[in-house]
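Structure first, commentary second.
By written order: A, B, C, D, E and F. Residues from 1 in each chain.
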């Protein structure tokens, strides 16, 4: 099993979620994060001092999938999160040693 | 912090402390009542006008609301971790300064004049301040005038708190505002409004350009210089945590300011209407001016700029409100927007950290407005002519007054700060500053969102 | 919840329901107009004073604002998931109780007296309540007096909502406040202000220490005991989610309280000025007292404490505001700070969950203030002497009144709760409590931040 | 955006711009003062009533507060990223429209009538508008009447902003409100209140059902249709980010509305008391009606519904407030709740995106209320009878006025939008809409929580 | 060493924390997240339009443990987070290559 | 590739970010979290009841790095996040199976 973690732009979330549901992913977990990267920030002026804001709001999507589903899921995310502009974000893939569904105690791929 | 906490806990168990404390409080109360009550509130006076009284009482309520308004205006601009500490600085001023006013401030300010310098102690604890009208406002109960003026005394030190926001000890703050009100506000108020030398000389200040804004603004500058910059100033983003709160505060301040300025007519009629109109005009002109300049200078007009510009306009028109015409108010408002914008945007260059621009807005605004009154006052409005109406001397009086009040406020403020700093320290420790005033000074958090 | 939702959806589709409903409403309206309108608003009266009327109308607006203020004061103190449910309890009281007042409450409270117990139904739906002055306030339109009093009726049950915050069903709440206002507020109001037996006996209550604070505070205690503790009380941190909102609420309450107390003079002049000053003095004294005790007791003064102390002071001075001198108000304020602090800090020991301290602040404050009026009233102020001015009997009258009103409020509240509980249940289900009132009772979320 | 930013930075360095700008401003000021000041403010008038004046000034302050209240009401309903942009739209209206009013709006609206169509330019820049009473309000200074009316002119265009919230360019907005006020508000105001043809014909509008709510509501519809839907409308959840802020806004609006409606009596006495009572009654009835319908229709009553219902009730009762009895106000309020609920809940079906329901609440409410005045006006209250009091013609006059004002407002609004769109574009770019107005239009963020 | 990440219901957090402390776990990190899964959302109505809210507030608990402690910790979480209803959440187990205590520079199991 | 996750004190974030930028790390993702650990909390009093607040605000920094960069990055974080007092936080290192840059589709070390 793999855990896919994607840091994406907020306004792509809805499409990503739909795409994932379409390919049969049944769950995901979302976190508000701030990203720092190649994407330039914007300037904000407060009290006469101008600051460049480099930490930009992003959303992190975590999806656990079975090994077979990995590629399909990755492309679903990539296609739907993409705008083609700097700051589209990144996808990270981790190995997942185990998954447990708390309600039933199921383990492994069953539990996803 | 941890040690302090456990000390408290030991006091906690010792609940007797409180009981003793209550007992002492009560003894004190009975003394009080024995001494002062019942004497001053006797007669009925037929000269009281119901409309004027209604207007003064409403105005007093409006000015009272300004301090919570200021709390929100300032509170929204600090970082989240300091929001309660900042609100507290305004809120506590209401309670403490009102009591100071009742005990001693009112009589020092408005009590029977002693050589033009200060009021005598005759009216301590409102002795002889009753429901009959006073010479200050001939158609409203003396107590109504007293409480109306109390609200001015309350907001003035609270304004200063913008200069040292996010880094001052609460204990030091409490002592500071008590001393400052007694040593700066009360005398200056007496000089100008309480029958003192400046008033006699003909200096004019309709609703507190000198008494409120120059004193607090200049003291704010002194405070900012004395206490030093916040950690991270000009290096990190130290952003306002809740600008909508600031906008709400600005709205309440604007609303309350009608009581501040139009209420200063001390009656309901021609003059209050005029001051109401000039106040609104000044505020609007400053707001628009600020935004135009910001738009040109930075490329975008900001909500923060609009709110700050409005307050700058209101502060600036204050001394002139009941002396000038609406078109003069327009010009004063434009000047307010321009000069205060300049002050805010030069601050970084000078490098001092007047955190919420108490000097940049109230100091600069108070000065511009006091000069404005000297330039644009028209006898047709309220009996005094300014420079543009052929009376150059008024302008010089105003300038002299600004100089004296500014120097006096600055020096006394520094002295007060110095003394407090030696005795208990004015600034929180570095770690406290990092953790924020809310947790460190008040043991609370502003939000659990 | 889910089931409930799908039931709704089925109703949704059945849109005819609404149309029928509208039709019925309309029929009802035409009936109403046919029956009542046009009769009561005929003459002009020359006795009306413009200043007094302005003051009463402003005061009515100020007291109206207190209920949104209370909504925010309370709303900031609950957890995020209950914020709308809590705001709603105050907000809905404005709408529902105002209508109850117009239909029946005003006449029960102030209508022609029946044996000192209750007002007759003569003034139902404002029949005969017109623009000529009434005997209650001789210089303002009767309708102005009526609407001013309506605002008192509105805020009183809203105060109780603090006791059962975060766990009461909205439907039960609506029924509760309707019954409670009719069975508790209206009669007690009549006894004291509407020509009833207590007023005739000489019990004094300037602006509602008994009528507003003792009734609501004691009923709050009954409510807290009846409904039981919140899940997690005293075990988990159930923190206020937004203290700045609470501070804003406190500011608006304080502002509005000038209308509440000084407006109760029902005219603009000496008495209103006096009540204004005592109100402010009491609030400030209580705030400072609270903070001093807290500082000694806990090691840090809190913003929450300042806000609570202020409200305690305001509640406490209410019955005495127009009867005592400012120095007496000072003492009453100090007592308010001390006793209410004690009440809040003993609550945990007794183990009941008066969530937002409606009893600890309004119950205790109302009692202290009513006693305070009995102690410090001075004939020089408003014709009545208290204990310290040689009239011990006044104190006993006040104590008797507190006893009667407290017992009456407590019993009737418990009875009302019992009945509602049997019929529809007063408390939300355990899961609902966990998910929060906002989602479960109103289908909304307070914030998307 | 980035390019824009760097352009600015180049302007930044060029600090001379500002200096030149200041110089020009100053030159302009001196011109102004030379031309206009000092002439209009001469005499004293003995006819001024202190109570009436106090009431009008308080009412002006209350109505002023409504615009910040509206800012919060609207601001809480948008998404977090648009909160400042939305607050700004209301806030800036205060500043800009007040100046427009002083320069030209007041004289267009209330200046000496030209053929019933528009006011002459005689009172430009308040020329001849002094402290003596005017024919509009015979017991208060002319300036007080002027500034009171200014507050109405301010809030009206701000109301429209609800229709195009979250997607309009700030620059386009500023131009829009200036043109709209001059071309729609000022003429319509003149027709009805300023001595124009509708007023002469006998159309009645107590406090602005036509002048304020129909104009703004219909223009809001035009705006929503013109500017198009927000991205994601009806597909995604576009939730209110801070409903407690909306509740606060509703509370302040309700409070201020007493000044709006009862202040429109232009004196303090019978009529102001009556309008105060009908206003409150209408608001309460609409709130309760809304909640009942919502409860039946959706299964749960919402806080949002209560707040919206209250505003709907207040908007609806506005034109009728001083013409109908409290029981008629009850019926009008019920109708307000029902019809506005319907409007909001049908919106999705029609598919236009009147984001914050400026049309659904103010347009529909204004129409219902104007009809309500035509139905329920009673000569016993204020000299005019409506349909139910035997004067069918009044209803037809009202209907005609609605038609004319609606068509006029709609057409002119569309024309203004069209022109602005051609010149600078009214809608922000798609990416800007996604990033939010705060960052894109103002370079700020609402919260750092 | 393993990193255990559990997405649970808010009101179970307190019990989970207590259970973990009881078995000797000395630290954990908590994040506010939104979960999407089998659990149905509820309906919210805004401005006359009804939306189904499918992203539900959850809390993510991260606990680093030594390999020996893994099973014990997993059961402690599972037992205490469980209500038996859909939406109880999931536990994910990752391999942790290293842990460093910033204060002391300790590495590996020492640092947990 | 490794994913480095550091839970640190807020006021160290700025220095950590600078240090990372200095050694050539070009991106990172930040999350607001609450930490529970050896560090004692403080007491808060609400409505007359005193609570010990044990969940303290921390900030989580996630940085994906190539294997070569790992040590350098770890020391940069440790040095700059350190104050020497309890509560400085922890660094966790995970193996990263893959990284994808959404914008370009680049994979692996290229994508970091």
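Keep this in mind: a contact is a pair of C-beta atoms (placed from the backbone, for glycine too) under 8 Å apart; a residue touches a chain by one contact, two chains touch by 3 or more.
Nothing here was measured: the structure is a model prediction, and the numbers come from that model.
Participant: Which chains, if any, touch subunit C and subunit F both?
Facilitator: B, E
Participant: Please identify which of A-B, C-E or A-D repeats the interface of C-F; the criterion is that more than half of the contact pairs agree.
Facilitator: A-B
Participant: Given that subunit A and subunit E are copies of one sequence and touch, is their interface built from the same residue numbers on both sides (over half shared) or different ones?
Facilitator: different
Participant: Taking each chain's centre as the mean of its CA atoms, how far is subunit B from subunit F in angstrom?
Facilitator: Chain centroid spacing, subunit B to subunit F, equals 44 Å.
Participant: Using CA atom averages as chain centres, what separation in Å is found between subunit B and subunit C?
Facilitator: 32
Participant: As a quick test, compute the distance in whole Å between the mean CA positions of subunit D and subunit F.
Facilitator: 50
Participant: Return the residues of subunit F touching two or more other chains; collapse runs of consecutive numbers into ranges.
Facilitator: 31-32, 44-46, 53, 94-95
Participant: Quick check on subunit B: which residues sit in contact with 2+ other chains?
Facilitator: 5, 49-52, 54, 58, 239-240, 242, 248, 252, 298, 302, 304, 443-445, 447, 449
Participant: What chain-chain pairs meet the touch criterion?
Facilitator: Contact pairs between chains: A-B, A-D, A-E, A-F, B-C, B-D, B-F, C-D, C-E, C-F, D-E, E-F.
Participant: Name, in rising order, each residue of subunit B that touches subunit F in their complex.
Facilitator: 1-2, 5, 232, 235-236, 434, 439, 443-445
Participant: Which residues, counting only subunit F, touch subunit E once they are in their complex?
Facilitator: For subunit F paired with subunit E, touching residues are 2, 6-8, 31-38, 55, 58, 60, 74, 77-78, 81-95.
Participant: Report the residues of subunit D in contact with subunit C in the complex, numbered from low to high.
Facilitator: 49-52, 54-55, 58, 62, 79-80, 139, 239-244, 247-248, 250-252, 254-255, 258-259, 262, 267-274, 276-277, 280-281, 283-285, 287-289, 291-293, 296-304, 306-307, 310, 324-328, 330-331, 334-335, 338, 342, 376, 378, 380-381, 388-389, 447, 449
Participant: Which residues of subunit D touch subunit E in their complex?
Facilitator: 77, 234, 237-240, 298, 302, 304, 344-348, 356-357
Participant: Give every residue of subunit E touching subunit F within the complex, in rising order.
Facilitator: Contacts found on subunit E: 3, 17, 26-32, 64, 94-103, 105, 111-112.
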